[in-house]
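Across the two complexes that follow, subunit A remains constant while its partner is subunit B and subsequently subunit C.
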Partner chain A sequence: MHGQAVVVGVGESEYYKHGRSPDTEFQLACTAIKNAAEDAGLELRQLDGLISYMDDRNSPLRIAAALGFDELSWSATPWAGGGNNSSATLQFADAAVCGGYANYVVGFRSLAQGQFYRLGAGTGVASGGGPPGLGWGLPYGLMTPAQECALHTKRWMHDHGVSQEALANISLACYANAQLNPRAVRYGQALTREDYHASRWIVEPFHLFDCCQENDGAAALIVTTPERAKDLPGKAVPILATAQGLGPEIGANAFQERWFPGMYYGNVGRMIWERAGVKPEDIDVLQLYENFTGPVVMALCEMGYCEPEEVEAFTGDGALEGPNARLPFNTSGGNLAEAYIHGLEMVVEAVRQSRGDSTCQVDDVNLSLAVGGPGYAPGSAVLFGPAS
Partner chain B sequence: MTRYLGDEFLTPTLTEQNTPFFTSGRIQIQFCDDCDHAQQPPDDVCYSCQGTNLAFRATPGTGSVESAVLVHHPIHPALQERVPYVVVVVSVDGAPGCNVTGNVVGCPPESVEIGARVRAVFEEAKDPATGQDLLIPQWELVQD
Partner chain C sequence: MHGQAVVVGVGESEYYKHGRSPDTEFQLACTAIKNAAEDAGLELRQLDGLISYMDDRNSPLRIAAALGFDELSWSATPWAGGGNNSSATLQFADAAVCGGYANYVVGFRSLAQGQFYRLGAGTGVASGGGPPGLGWGLPYGLMTPAQECALHTKRWMHDHGVSQEALANISLACYANAQLNPRAVRYGQALTREDYHASRWIVEPFHLFDCCQENDGAAALIVTTPERAKDLPGKAVPILATAQGLGPEIGANAFQERWFPGMYYGNVGRMIWERAGVKPEDIDVLQLYENFTGPVVMALCEMGYCEPEEVEAFTGDGALEGPNARLPFNTSGGNLAEAYIHGLEMVVEAVRQSRGDSTCQVDDVNLSLAVGGPGYAPGSAVLFGPAS
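The block that comes next holds the complex of A and B.
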């Protein structure tokens, strides 16, 4: 169920607050891909595959031309949603190189929300865009992913007796880990539990610090076969397993009774554990996409880390903070505190952990897992083994 | 009745599939005439039997609050004076498995609790594109 593909290069642009990038979104994409090629020891012309996600505005045709690819032989995007597809880019890359359709495939994501619109501002929905299910909420002022995820989270907390502290634990872990990461947009901005509770409500139960940032920046990863990787100078990180998918009817309506409340991550968890032959407790370090903290605690439970009634204790007492945490988690600061590059920056961090390059490096990493955004389907995950 | 979020607030973009819900003055849900499966939002195919004999049926217009959140951040300029407002998910009586979204009107927003019984009321508006009359479903608490 898994190929033998490896990640041989990662690259990023600088990460900015939204609207602060001096570069266009296309320039950011090209920068991240150039940096990834340099990291891999590849010439740009050797790259021959491109994968992004969620209606990427940076066409593979334009990138291949601008970066001087000799040939583009594979391009794809997983179906839309949002950061749910971050890890799926690696599955497509794995499939492409293991199937022999391309040699060096790039997964990338670039966002310049100053140049374009802010996802969280509801702009797309107000102009008639956005997911069809969300359009039904428009006359009711239900226009943003935060509001949609809040409706799930509120009911889930109600059903399982989960307090606000569980959500706070996620936010505090991301901010604590970002203080070790100079690339993080929130570096130097430590967050206390008091700050968290004092921050304004966006939509209950989400305070400001329960919500991801919106940022400008780009990230890229390059995937190839182990045979080709032998000729490259750097470390190769094996893709042990990937998952992408959804259960029956999940895609139809965010609020239908069958899946309400929930984040639809049971399927993704089952696929990744079965394909890799491992259990949640075997994972050495976890990057779990946070659009908002609520979906994170729900996804932890759905993927089998703990029961909902246990999630406050499971995440509490610093259990997710720092390299020596009980469960090292979102070690770069994640979407909340490093940067929101639609979660692809978290896949880059998962590779860094396997290579031993993180600013919050966990000892002896054998299994490094990156999970795409809970809250939207189809979800995705990718599991990396130790670098060689 | 005047609109909960103001008469100037955004109206739904009418489509063939949402017109019954937003114009009829009833809680209209799509059912499959072959297998009686109910689905929301409507689609071109029945998700239970894959048939295409689909039609809208009026439900009794009552339901239960499945979730309720207070929105504090005004996402649209017209909402500056309206926050905090309450957004709910309501399970529709007579349409198994179907949840719809809305506001609960006529009460303090913080008083809406999960499990509350509600009944439909309708806001009058006009579709700015066509001038068509809209009756936008909303909900009010049913007093015990």
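The block that comes next holds the complex of A and C.
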């Protein structure tokens, strides 16, 4: 029903282990946006839309004033969730541009976990507008995202006879791909299966290396119309389809026995395949959000890549590792091994794959998919076509 | 560039003085949405999009679970601001529907100031993602929204020789129109010019009756495509154009001397007139957000209705009062005299005017405009055409 928006610029700050950034979170945001504008060949004053995550601390008013926008005509965030906000951010940029509401829309995420608080730390408070999943789990002793996801994963593994090796396959793929990517915080820190199994439990079934990092950094993308992109020097990557989706297992309903074993990617999977008219096997390269490995394994099944009983084989034998993988996957190292910029760095990587400038570049990329999650808000997805 | 979305249902809770609601804020939200769905002839399970204000406490996950949505496929809020979120909410519903991202999108606001905190109370904290205007003003002793808006207004009145009567005209119009509206919290409490001038100062130039109320209540609207609307029993009100807009006076820049006297409706005014191809004098009925009367007076000038030196005459002699006013204005009583549901109740009234079922119904409404503000986020506007 709508036109086709394109990504014309991507930008990032340097990525740091949490607490290591010499710049403030706000400076990191500005750096990523400035780099994206430079990449696009745009002046900062031309930017006129800002989208970030619902809890981003870097107000659009401060950003627009600091960078000298002539006008701000689209200012939005997804509502609820966390990692799902990554691809949802691109959906809103697509909506803004296709609807003619703004001309050059920035989606960004700046997250300095070393300067504020660690998302992975336990909380005693369920915020009203924020992801209330933890609030619902607290009475049952679930104090952190890792504990919450572990319980879903453990039950699902039990139901389907999935072993720890499936989780290991995800972690090893991310770490292997990060060894090709000098931006990755885990660059130069290769991981073996023995290292993986020997690492400490965070919460079963999650070892240390099943968990995303906690980082300081920022990432940004700029979206405009194909017509405006013609006047810009670089490549334009079309947004073929976007989706947010979550079914009746929403919110506290996920604690019902019938819905508990899962991570709720079924709706967003169905939507993105239907809207783009493609199937999982048509995707050339996949960036799949990993706060923890367990949700990735469940997502592959829920989105139709394979059955739960097949997922160990589907992900095994290096099937996800490197540019020539059976399924090229999290090619920058993802949240686990590049940096946890809450998944937006994975959307940047999806664009790089379409442009042909990844450090783990897949040949002849036609369809590049980035999926945000997990399930305490609608899952999200954005599908990019080949750059032109 | 995009298709045309339509409003097919509106709903409200009862409106209360703050602290008087027997229902929780969450129950109020559900009531307004249920009433809107009933008005539209939709089942609750069919609703699949939720938009509210950025600080709304009623999570989309809780709403969707409680009301039994089959699927949630659009979940968004404006970013920053407060009152501007009213018409911006409709822009996002328009975007969701025109882009094909969701089918039946709810925009709602539930605000029980009696159960949480009063927005008008002083604050010592500038929230990161929230409207940081107060944070910037705190070092200068501006502790409340009333103090902040008063300073802008006072300087602007001084610069242009505008007297207190212009502010009185706004308040009197809202109170007069509320006397026709049994839903209005101020129904049965007529206001005279003598009452107005005799009321206590909150902060000069704002008397008590220059300030919006603090209420408990909720309002909701449902947006879909014209095609889907054909299968519904009621009237469909087309969204002709929407806008968010704020210029370089954004954020802390507003404290610069060149920009301080004003309320920053110029950009959103230009946008809505250009996008719809209409002029201020084409508008049949106007709902203009009043947290305080001062911003309304400035907005009328900034949006092109008149010059500052003319605004006393433009608003005087009952020019804004009743269905046969020179400029029919805040016909339900608005934030001042119907209820302060953060301006979303004024968008509901704009739809009522297009449908012909206001308690202060203007004849032959062709163009009905609702404008959200004020300036600490992009101003917003939504223009409705005649119902069909």
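As a working rule, the second predicted complex is superposed on the first by the 362 of 388 C-alpha atoms of A that agree within 3 Å, B and C clash if a C-alpha of one lies under 4 Å from a C-alpha of the other, contacts with A are read in each partner's own complex, and residues count from 1 in each chain.
The rule is simple: a contact is a pair of C-beta atoms (placed from the backbone, for glycine too) under 8 Å apart; a residue touches a chain by one contact, two chains touch by 3 or more.
No experiment lies behind these values; they were computed from the predicted model shown.
In the superposition on chain A, contact of A:A80 is made with subunit C only, not with subunit B. Contact with subunit B, but none with subunit C, is seen for A:K154 once the two complexes are overlaid on the shared chain. By the touch criterion defined above, A:G188 lies against neither subunit B nor subunit C after alignment on the C-alpha atoms of chain A. Of the two partner chains placed around the shared chain by superposition, subunit B is the only one that A:I202 touches, whereas subunit C remains out of contact.
With both structures placed on the common chain, the touch criterion links A:D55 to subunit C but leaves subunit B unconnected.
Of the two partner chains placed by the overlay, subunit B and subunit C both lie in contact with A:N253. Taking subunit A as the reference, the larger set of touched residues comes from C, when subunit B and subunit C are compared.
When the two complexes are superposed on chain A, the residues of subunit A that touch both subunit B and subunit C are 128, 132-133, 252-253. Residues of subunit A touching subunit B in their complex: 121-122, 126, 128, 132-133, 135-144, 146-147, 150-152, 154-155, 158, 200-205, 249, 252-253, 255-258, 260-261.
The touching residues of subunit C, counted against subunit A in their complex, run 1-3, 50-52, 54-62, 64-65, 68-81, 88, 91-92, 94-96, 98-101, 128-133, 242-248, 250-253, 267, 271, 275, 376-378.
Interface residues of subunit B, counted against subunit A in their complex, comprise 3-5, 9-13, 18, 21-22, 39-41, 43, 47, 66-73, 75-76, 79, 82, 84-85, 87, 89, 91, 96-103, 114, 123, 125, 136, 138.
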